[in-house]
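Chain nomenclature is as follows: A, B and C, assigned in order of appearance, with residue numbering initiated at 1 for each chain independently.
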Amino acid sequence: MTARAFDAGSVADARAAIPSPWRRAWTANGPGYMFLLPWFIGFFGLTVGPILISLYLSFTNFDLLTAPQWTGFDNYARMFTADPKFIASMRVTFLFVVFSVPLKLAFALCVALVLNRGMKGLPIYRAVFYLPSLLGASVAIAVLWRRLFAGDGLVNEALAMIGIQGPAWISNPRFSLWTLVILAVWQFGSPMIIFLAGLRQIPQDLYEAADIDGASRWRKFWKITLPLLTPVVFFNAIIQTIEGFKSFTPAFIISGGTGNPINSTLFYTLYLYQEAFGFLRMGYASALAWVLLAIIAAFTAFSFLTSRYWVHYED
Amino acid sequence: MPVTTTAASVADDPRRPWRKRIISVVAHVVLIAASILMLYPLLWMLAASFRPEREIFSSTSLIPSAVTLNGYISGWHGLPLSFGTFFINSFTISVLCIIGNLAACSMTAFAFARLNFRGKRFWFALMLGTLMLPYQVTLIPQYVLFLKLGWVNTFLPLVVPKYLASDAFFTFLMVQFFRGIPKELDEAAQMDGCSPWRIYYKVLLPLSVPVLTTAAIFTFIFTWDDFFGPLIYLNDIKTYTVALALRNFVDSTGISNWSGLFAMSVLSLVPVFVFFLFFQRLLIEGIATTGMKR
Amino acid sequence: MSTNFDRRQFLLGSTALVAAGAVAPAFAQDPGRLRLYWWGGQARADRTNKVSDLFKSKVDPKVTIDGEYNGSFQDYWTKLDTQVAGNNTPDVLQMDYRYIYQYATKGTILALDDYIGKGLDLSDFDKDQIDGGRVGGKLYAISLGANSVAMMVNTAAFKEAGVDLPTPDWSYDDYKTASVAWNKANPRNGMRILQDGSGNEPAYENWLRQRGKALYTADGKLAWTADDLVEWFKLWDDLRANNVCVSPDNQALDANAAIETTMITLGKAATTFANSNQLIAFQKINKDPLTMVNFPRAKKGAGGGHYRKPSQFWSIASTTPAKDESVKYVSFFINDGDAGAALGVERGIPCAKHIRDAIAPTLSDQDRLALNFVSNLGDLLGPLPPVPPAAAGEIDNELQTKSQEVAFGQSTAEDAGPAFFKAATDMLARSS
């Protein structure tokens, strides 16, 4: 060990003896940049570069076999004026996000509140509710879901036991999307964990002070819990919304890759996949991707801007 | 100060402990019912995988009348290649990704958490920004790039990005963790003449076993379940992962072998479930820290 | 501390090894290996794999043949395109009349004219079947059998309903009349006599041809008008309203045109639109005895709807490194006696005369039924239509979606007809 230290020391001495600005800058910044090298390669090669290239491709027709042909705004024009599938997939994805995210957060918050009362068996309940989140995105679960909600599946059998004649969920365009919403909400465990952590961060003395003032449980929730939880709600809402927009596997498996019946399960990513890899219309698919990026960026910006009105950060 | 009797104070009133008991019991009942409802689909699939084919859709009970391994046997050989190949493929990809993530993300996190350099805050903000970037927008050019490199139909497109710290989520997790390690340790090592590499390697990493384990497990789960990546990059059945194989199974044997399908589905979920059983505390804490204020 | 380092070294080393294994695309371009890809059910898979084994034992023991198949006709093309995109086109791929034009003009499949007589033996092959695989005069695909459209019929269900089996001159009206008695008898708890064929492109084509129209013109335009489609949708509206065909929920279960999810297999209808060579595959997974009949006539006495077409082809990828081997395989497939015996008529009536003669004595009753069906179409037979244009496959899929809109009441026949006509015209323009 001492031999090493001696080496490093002598090198350091030598360096200190020649303090050129370049060398100093290098010694100062060098290690940082060296450690970041893998990330830099990935960032420019796999993120920034592709983003710019896909922007370019969105203005072309590109089928992978021949060079891209410039078509200007044709792709975007077609998307908004002559593509009923685009409209359908937008509508479907929006409906999915608008319904599944609030429901998911509501369940997550409610269960977190119940669990936070310090019940016996908390770890077990927490684990049970979290497990679906881990498994939910897999092909196996999507396959299971497809069977459960089939016309003669478990769900309808259960409904029949209480006298309700269930529809053929999966093959009926009115209901097929809801099976996917239910699947998403089933995975509320992940935001629930975050809510639990957030709840635990709220200082107990606030509640004790409220108790002294004689506040009811409801008041305590509205005036203490919820306001202090808003950062977590905000965080969860953004993450879950973005995840919702990226959803692919369940829609793919449940509809057999078609997005049917009548495009009622045509999630945006599924449509993009069909255009890119089903029909090799890579230019159009790139345009689709950019529209999605624009929407998510607008949503995120909007959320951050309006967050100051309802998110209370504890200072 | 007026003394108001509210439900809360009544419940906490030592003279009426039974009220709190009742609320607690009700809460437990509701939670247990909810738990059963949440887990029922999984339990049903597990039961169905052991049932004889014809019985699968005729009963809702969880206990099969006759236990048979037929589903597992027929499912294992249900595709032209046995599921053993697919499990090996999935496993290989996951392990390679874990190594890549641990190495690259910890290096990146070390730079952001411990080193100072010009533009650090700028790059850090950019890195966090990539967390919110939808992958669809880089998808096609990445595909074209890998196509030109000749990497399509190998594992490389799925694995190599991990070695370039493409998963900002884990970098972020590790940055948070590193920030919790006292800087005095770094400074002590520096005074001993350690280079940044040695500090990283000999000081920080050994202390980071918890976050590294968390990252490893999450990487495993994410890559094991990954469907989209293999869907577009793996064309040859020899390279298929379990997720792809399951989907093929559904397509080719269709509705004629449900017990086989469910059996293979159960098997595909087992590794994730096992990790969950043994490491749930780590996983849950890992998730929880991401929700903390930055 | 030293153990940490060693472990890390080991990890890095083993990573390198495994990564090296992952790097080498050992599978894709290997001349000693043939990759086949086709669509079809288990019956077809068994037979094809048998032929591959015969090829290995009789012609080339050194080759490895990997046979992959997809149960869904629709999904087959998506996956194929993904493989083509990834430069991994299977060496020998099954081809369909609707898609030949697209793949030939894109250069994905090989022109085989140079191989005729030099590795590809077409000496006693039916000429019209050879021509069916030509695009622009060049031969791109080899027919694997002749078939025509046909309806599968569940004879047991008909017996239970006490209704006579359909005869070759039944029109849609006749089915409607029969459904009155059928629904009164209510066999199998709600089984209907017909599936919902409003989204079935072959059914639509058959109906159009009987009225003197067609799907596509020789130069790749639509050969029908919006009014035709409106009438077609209205026909099915009427059949649906009178419970002649299954409900839209049930029809939507048949999402991927796989045999297992057709209405007859699921027990929702007593008949299903299919192809004559599929009788074998259908019978394999249906417990009830099946028979075949032609597609319904548009009205009494109308004919000319059917045609003898190549049921499917083998094409060879233009990027395959194993051109000669692939040609050898295809030639073996269509000419070898044992192969012919293994395949039977599952892919259609064999096109090589010597194969037909050889297997004639070995045919089962149902096989003979399929064979005779195609030979004895009589006035139902019309000329072979020209090769469909490049967007034909996409239009086929979209018709299904559009028909669902009408069936579920989201759109009326009057609106859907012109809307789909416009969409189809768009698709044709886009793909040219």
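Just a few scattered comments:
Keep this in mind: a contact is a pair of C-beta atoms (placed from the backbone, for glycine too) under 8 Å apart; a residue touches a chain by one contact, two chains touch by 3 or more.
Small disclaimer: the values here were computed from a predicted structure and weren't measured.
Per-pair counts of C-beta contacts peak for the chains A-B. With chains reduced to the mean position of their C-alpha atoms, the one farthest from chain A is C.
Between the Cα centres of chain A and chain C there is a gap of 39 Å.
Once the centre of each chain is set as its mean CA position, chain A and chain B turn out to be 14 Å apart. Chain B has residues 143, 147, 231-232, 251 in contact with two or more other chains. Across the assembly, chain A contributes 64, 256, 277 as residues in contact with two or more other chains. Multi-chain contact residues of chain C (touching two or more other chains) are listed as 72, 75, 82, 85, 256. Every residue of chain A that touches chain B in the complex is listed here, in rising order: 4-5, 7-9, 12, 25, 28-29, 31-33, 35-36, 38-39, 41-43, 45-47, 49-51, 53-54, 57, 64, 111, 114-115, 117, 119, 121, 123, 125-132, 134-135, 137-141, 143-145, 147-148, 152-154, 157-158, 161, 186, 190, 193-198, 201, 211, 214-217, 220, 231-232, 235-236, 238, 242, 245-246, 248-249, 252-253, 256, 268-269, 272-273, 276-277, 282, 285-286, 288-290, 292-293, 296, 300, 313.
Residues of chain A touching chain C in their complex: 63-65, 82, 84, 150-151, 167-168, 170-174, 255-258, 260-263, 274, 277-280. The part of chain C that touches chain A in the complex is made up of residues 72, 74-75, 77-78, 81-82, 84-85, 106-107, 248-250, 252-253, 255-256, 394, 397, 400-401, 404-405, 408, 410, 423, 426. Chain C meets chain B in the complex at residues 1, 4, 11, 15, 18-19, 22-25, 27-28, 35, 42, 45, 66-72, 75, 82-83, 85-88, 256, 258-261, 285. Every residue of chain B that touches chain C in the complex is listed here, in rising order: 80, 92, 95-96, 99, 143, 147, 150, 152-156, 159, 202, 206, 231-233, 235-239, 251-256.
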